[in-house]
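Sharing a structure with you now.
Note that the chains take the letters A, B, C and D in the order they are written out, and that residue 1 is the start of every chain.
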Amino acid sequence: MVIQIILLCGLVIFSVLAILLKDLIKAALSLAVASLLLGIIFFRLAAPYAGVFEISVVAGLITVLFILTIALTKKGDEVTEARLVKLAFPVFLILFLVIDGLVMKSLLQKIPALPSGPETGTFGQVLWKQRTFDLVAQVGVILAGVLAVLALFRKKEEDRDE
Amino acid sequence: MSNLWFLYLFFAALLVFIGLYCLLTMRNLIRLFIAVEIISKGVSLAIVATGAVKNNILLAQSLAITYIVVEVALVAAALALIINIYKKNRSLDVRLLSKLKG
Amino acid sequence: MVFSFIVMPLLVAAFLPLIGKFSKKLLPDVLTNAALAFLVFNSILLVKPVFNQGFIVQNLHWLGEKVNLQVALDAFNLFMLFTISLVSLCISLFSIDYLEHYGHKSTFYALFLVMIAGMNGLVLVPDLFSVYLFLEVAAVASYALVAFGLGYDELEASFKYLMLSVVASAFALLSITVIFGMTGSLNFQAVAQGLQDLEARLVLGVCVAFFIMGFGLKAALVPFHAWLPDAHPSAPAPISAMLSGLLIKVSGIYALFRIVYSVIGITPALSRLLMALGTISMVVAALLALGQKDIKRMLAYSSISQVGYIVLGLALGTPLGIAGALFHLFNHAVAKGLLFLNSGSIQHITGTRNLEELGGLGKMVPVTAGTNLVGALSIAGVPPLAGFWSKLIIIMALVQAREFGYALVAILASILTLWYYLLIQRQAFFGRVAEKWLQVREAPFWMSAANVVLALVCVLAGIFFTPIFKTWISPAAEALARGIQQVLMWGL
Amino acid sequence: MSPTTLLWPILFPAAVAVVLLLIPSRIRYAREILSVMSAGALLYLGFVLFARRNLSLVSDWLGPGINFDLRLYHFSAFILLALSGFLFLICLYSAVKMKNHPRAREYFGYVFLAAAFSNGAVLANNFVLLVFFWEALLITTYALVTLGLKPTSHRTAVKSLLIGGFCDFAMILGIGLLWASTGTLTMDKIQVEPHGLTLAAFVLMMIGAIGKAGAMPFHTWIPDAALDAPVSFMAFMPASFEKLLGIYLLARITLDFFELKVGSGLSILLMIIGAATIVFAVFMALIQKDFKKLLSFHAVSQVGYMVLGVGTAIPIGIAGGIFHMINHAMYKCGLFLSSGSVEHRTGTTELKKLGGLAREMPWTAAGFAVCALAISGVWPLNGFVSKEMVFHGALETGYPIFAIAAWVGAIFTFASFLKAGHSVFLGPRSTEVPKTRESEAPIVLPILILAALCITFGVYNKLPLQHFIQPILHGKAEAAEHLDFTSHALDLFNPVAGVSILCLIIALGIHFYGWNRSGKKAYLASEPIHNLPVLHKLYDLSEARFFDLYEQGVKFLQWLSRLLFRFIDRPVDYVYEKVVTAVGRTFTGLLQKAHNGQYANYLAWTVGGLVVVVWIILQLLK
């Protein structure tokens, strides 16, 4: 339990770093570390496949995509964030921590839930048989993503007349 | 077991807040998208934790995986957009993206 | 086959980029239009079985194993499927000529079809998480399509659209997660059953708020509307028509009200809240539309305003209100599709969308002008066009429910609507022909043809309003309203 | 005759409208011939239906209670006949007058469309159906006004649309209330006592009816349209069609739907509106310098008589009001057409530029004279008969003030028509317009037909009163079993007629004294009324008495009419032009400023919206 909380705190800290670090590469890397921690949390929550996906795809592939983009856009003007925004962040964070804590505490025993027995079957059966529609949708999403990249990086055949 | 759920939801809400704060105040397009990623981490944490706490982990796991796939497609589309915007603008400042108004 | 509504566009979309390598124009055109025509035909074929049995359930057996590909099709779904197929067929006909100067037709059509598959899937699945997924399928495709022109405006609009809707759908998904946690299930029926047994007003209230934000942003309800007036005008005309005509209705209104009616259950308080949101959208957007110079931006604000009408009618919850709203949904899909296509024709003809530069085009391009007039009058609610009837029914339903205040606002907003549509008519089509437009020629064949077909639908739906209303709209409204009785009030 | 015949008066003109819109302009005369012939056919149909009277067509339509329900009975048959008659005359007239109009094709199409909608509104026996046709008329009015092709035409058209829209909106609300309280939408099933909710319904529906008829304060677009719209439109819509429809509905409201009691508050309200409309509009008419504008203010003023008559709730008053409606439609149509004839030949309608045209345009002048005398209520024309009936009715209610207001109106009506006729057709020949000649036959003919009808309806008032008016009232209003208004209709020797004639004489005096004072010498011998010996003597006698009153009165009247113009007429206009549009523009501007294109701003709205929605839901849960 304690390890879990430490992991969660680490996740939050690296997320905060990801938005506060000035260097975008470092920010992307701390996002990757946060993903890694999230993956470990998934493992510990008995969701190994999700953990593997999180680590390989999000911490790996998406980070690579981010770094690629940062590299491609490096030559432009540096966009500096306002100092006030960064300075004010801890204040807001603490404020939200308090609100969040109070809300969750007040909800603590209030959310009723149906009792649920242990699941049957294996992960594969659930994914393939119970959530088949999601697989179809996944195909659609992947197709959409690929086509979006194709469309956005196409060479223009001719210039549009504005 | 139920109290544990609120612990995870607490952290998920925290992540969503961090992302929203960045989206609302910061300027760099790439950083904004990092913020979106943080929000989606919060969401996937909530999904898996809910499944784990409520004895539904197999189902929640498959949802989380599907959600990650969606995330990848979104990242691809969004980063492609950002690169295209950079090509036009030579800048990543979100404040410059205010030509359409009124 | 019900599954063909999802599988068919996806299959064609998967092969189009390959086909595009050796046939740049002809094959993509033919394939896309054939696929969509097939879907229209298919939805008409399904009418009889669905109406005879009330609903049909289909299971797909795949590789000899039973998998969970179950769809339940009732009159409401079918009505949505038919609307989607019909309008998107007209839009793809229009694209044949319009897309000439964008290039990369095959990619365009593939994205277009993925978007349709996403919408069809969203309409068909009886599962909360799948609703979210198909919504994302349609959304990802639409981000790319909005930016398809790769101009500055397109990219800016697409980026804002993407960033706002990602946040919104994250909230919707959080809400779905919490409901999943409470009931341990995602299927509409099981969740509704589970929620009946639970006493969870507080949490459910917050969940509903998240849904209202998540799907309300897709439906562009004020104050979640800010992306729409950027994204819809910037997109290529067929996509504007698609987004305004269908996407906001399917991924916003359909999703929100399906969940509210069939899963959570509508209550008087919730209905009041949604009615207030609808009314605010109606009025604010109508006022904003008045101040626009760009035709497409005006049309975009008008979409927000009309969505307000639909939400008002659906949220009212009386059978007449729901029926009126659904009919208005259909009419608005057709007429706004027509108007956006038409603005594409105008841009194709003159190269501008600025109302102040246009003038007197009516004489030069009678087909474009005439169809525009039909669409505008239909949305503005002028008899005997279809839009008049649907607005009349919504207002009558409000009066019947003794909501005189809302009825008053709805009528005033429709006067505003008429006002800004007359502005378009006067500035673009009437009056003297400006010097520079003396040489313009009518839009190419397929563009005009698509306009004429949609205008005919507007007129015919108005004239044969009674049979259409009785055979199509009322059963759909009943199917939606049945959700109310199924689900126990959760006491809000 | 099968009930489906009732669809003909609606579908036939609609079909003709479509055909007219499709006929290319290149085929010469096709449009004119088709429109005149189909108007003739409609007129015939009107006669046939009038002879047949009772028909009813009911079929399912929108849902329970909302049927497609048409009903023909004596009242609607009478209005239907009158509508088709006017349509025929207007078509005949427009065939020449509008021939070279650049958008004549649309003009004819819209005219027939308007006819279709009007017929539908008259035949409708279900409120929803009525509203449908009633609203549709707004659009044709809008379209027809824009066909004036003046720079301000569009503005006026929008004004007519908004004012009409407001009135119709009131009517819809009224119908909604009526529906809520009676539970039916079928018109001939409704009969309620006006109190509480139904009282509000009555007032709202009344606004719809008198707004269509153009009574104060919903009239402001009509004088504007006089200058901005084609003149035949003025004769078509505000002068005849809208009056017929508006008063038809008003009569239905007061006779059928609600039982209006003599001396009840509602009756007084109607009479006040009527009297105010008569007086204010006629004062404004008096100072007009344009022929058409003068006529248009009279079109407003005369509505007052009808509203006053119907509002008395006394059989003779109601009959007078309805009779005045058909009379007014005839002579005002004739007057507008004759002003159009003058405009057709001289190109202007400004009184200052015209003069002495009677010699060159004798038929137009004669038609104008008859119609002008009829509107002024000169014996034995139809205007006399109907005005007398209204006076009688007003006196019988026990509130003589309304009769006095009506008489005051009569004085200045006549005075202003003397001024108009005098300056256009009589006096020295104006040098500002070149020599001209009489208009073509199709223009003159309708004017003369209308003038002849004015005489016929006056002299043989038995014909309209017995066949058209009395059946409407039969058994409706109190003690109306034995109706006979014809016996003393043309009776000169009773006090009411005496006062009316006195009014005319006063008007004459006012006119000639003013004319004399304004520096023009010598009476014109050709002035027909002036030469009547009795009137002349009376005029001489009354001259001395009125000397002082006039000297101060003219100034007072001019001041008063300017005052009324500024404080009644203009504010209504001001509210429309400044307040409504400016407020709209400010709101729109503010909202547009709020959409500043910044992503963070939009996201803030979204998140803020979420917070507000959560808050509201939590409040609702408590």
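In this text, a residue touches a chain if its C-beta (ideal position, glycine included) is under 8 Å from a C-beta of that chain, and two chains touch if they have at least 3 such contacts.
In this text the structure is predicted, and so the values were computed from the model without any measurement.
Looking at B-D and A-B side by side, the one with more C-beta contacts is A-B.
Relative to the centroid of every protein C-alpha atom shown, the closest chain centre, again from C-alpha atoms, is found for C. Centre to centre, using the average C-alpha position, chain B and chain D are separated by 66 Å.
Rounded to a whole number, the gap between the C-alpha centres of chain A and chain D is 71 angstrom. Taking each chain's centre as the mean of its C-alpha atoms, chain A lies 5 Å from chain B. We define each chain's centre as the mean of its Cα atoms; on that basis chain C and chain D are separated by 45 Å.
For chain A, the set of residues touching two or more other chains reads 107, 111, 113, 116, 130-131, 134, 137-138, 141, 144-145, 148, 152.
Looking at chain C, residues 129, 133, 136, 140, 143-144, 147, 150, 159-160, 163, 167, 178, 181, 184, 202, 229-230, 291 sit in touch with two or more other chains.
For chain D, the set of residues touching two or more other chains reads 592, 595, 597, 599, 603, 607. All chain pairs that touch, listed by label, are A-B, A-C, B-C, B-D, C-D.
Contact residues on chain D toward chain C in their complex (touch as defined above): 60-63, 128, 132, 135-136, 139, 146, 154, 158, 161-162, 165, 169, 172-173, 176, 179-180, 584-585, 587-589, 591-592, 595, 597, 599, 601-603, 605-610, 613-614, 616-618, 620-621. Of all residues in chain C, only 6-7, 10, 13-14, 17, 62, 65-69, 101-104, 107-108, 110-111, 114-115, 117-118, 121, 125, 127, 129-130, 133-134, 136-137, 140-141, 143-145, 147-151, 178, 181-184, 194, 197-200, 202-203, 351 touch chain A in the complex they form. If you check the complex, the residues on chain C that touch chain D are 159-160, 163-164, 167-168, 171, 201-202, 205-206, 208-210, 212-213, 216-217, 223-224, 226-227, 229-230, 269-270, 273, 277, 284, 287-288, 290-291, 320, 382-384, 389, 392-393, 396, 399, 402, 404, 407-408, 411, 415, 418-419, 422, 426, 430, 466, 469, 492.
Residue ranges on chain B touching chain C, taken from their complex, read 5, 9, 12, 16, 20, 23, 29, 32-33, 36, 39-40, 42-43, 46-47, 50-51, 53-56, 59-60, 63, 66-67, 70, 73-74, 77-78, 81-82, 84-85, 88-89, 97-100, 102.
Partner chain A is touched in their complex by these residues of chain B: 2-3, 5-11, 13-15, 17-19, 21-22, 25-31, 33-35, 37-38, 41, 44-45, 48-49, 51-52, 54-66, 68-77, 79-84, 86, 89-93.
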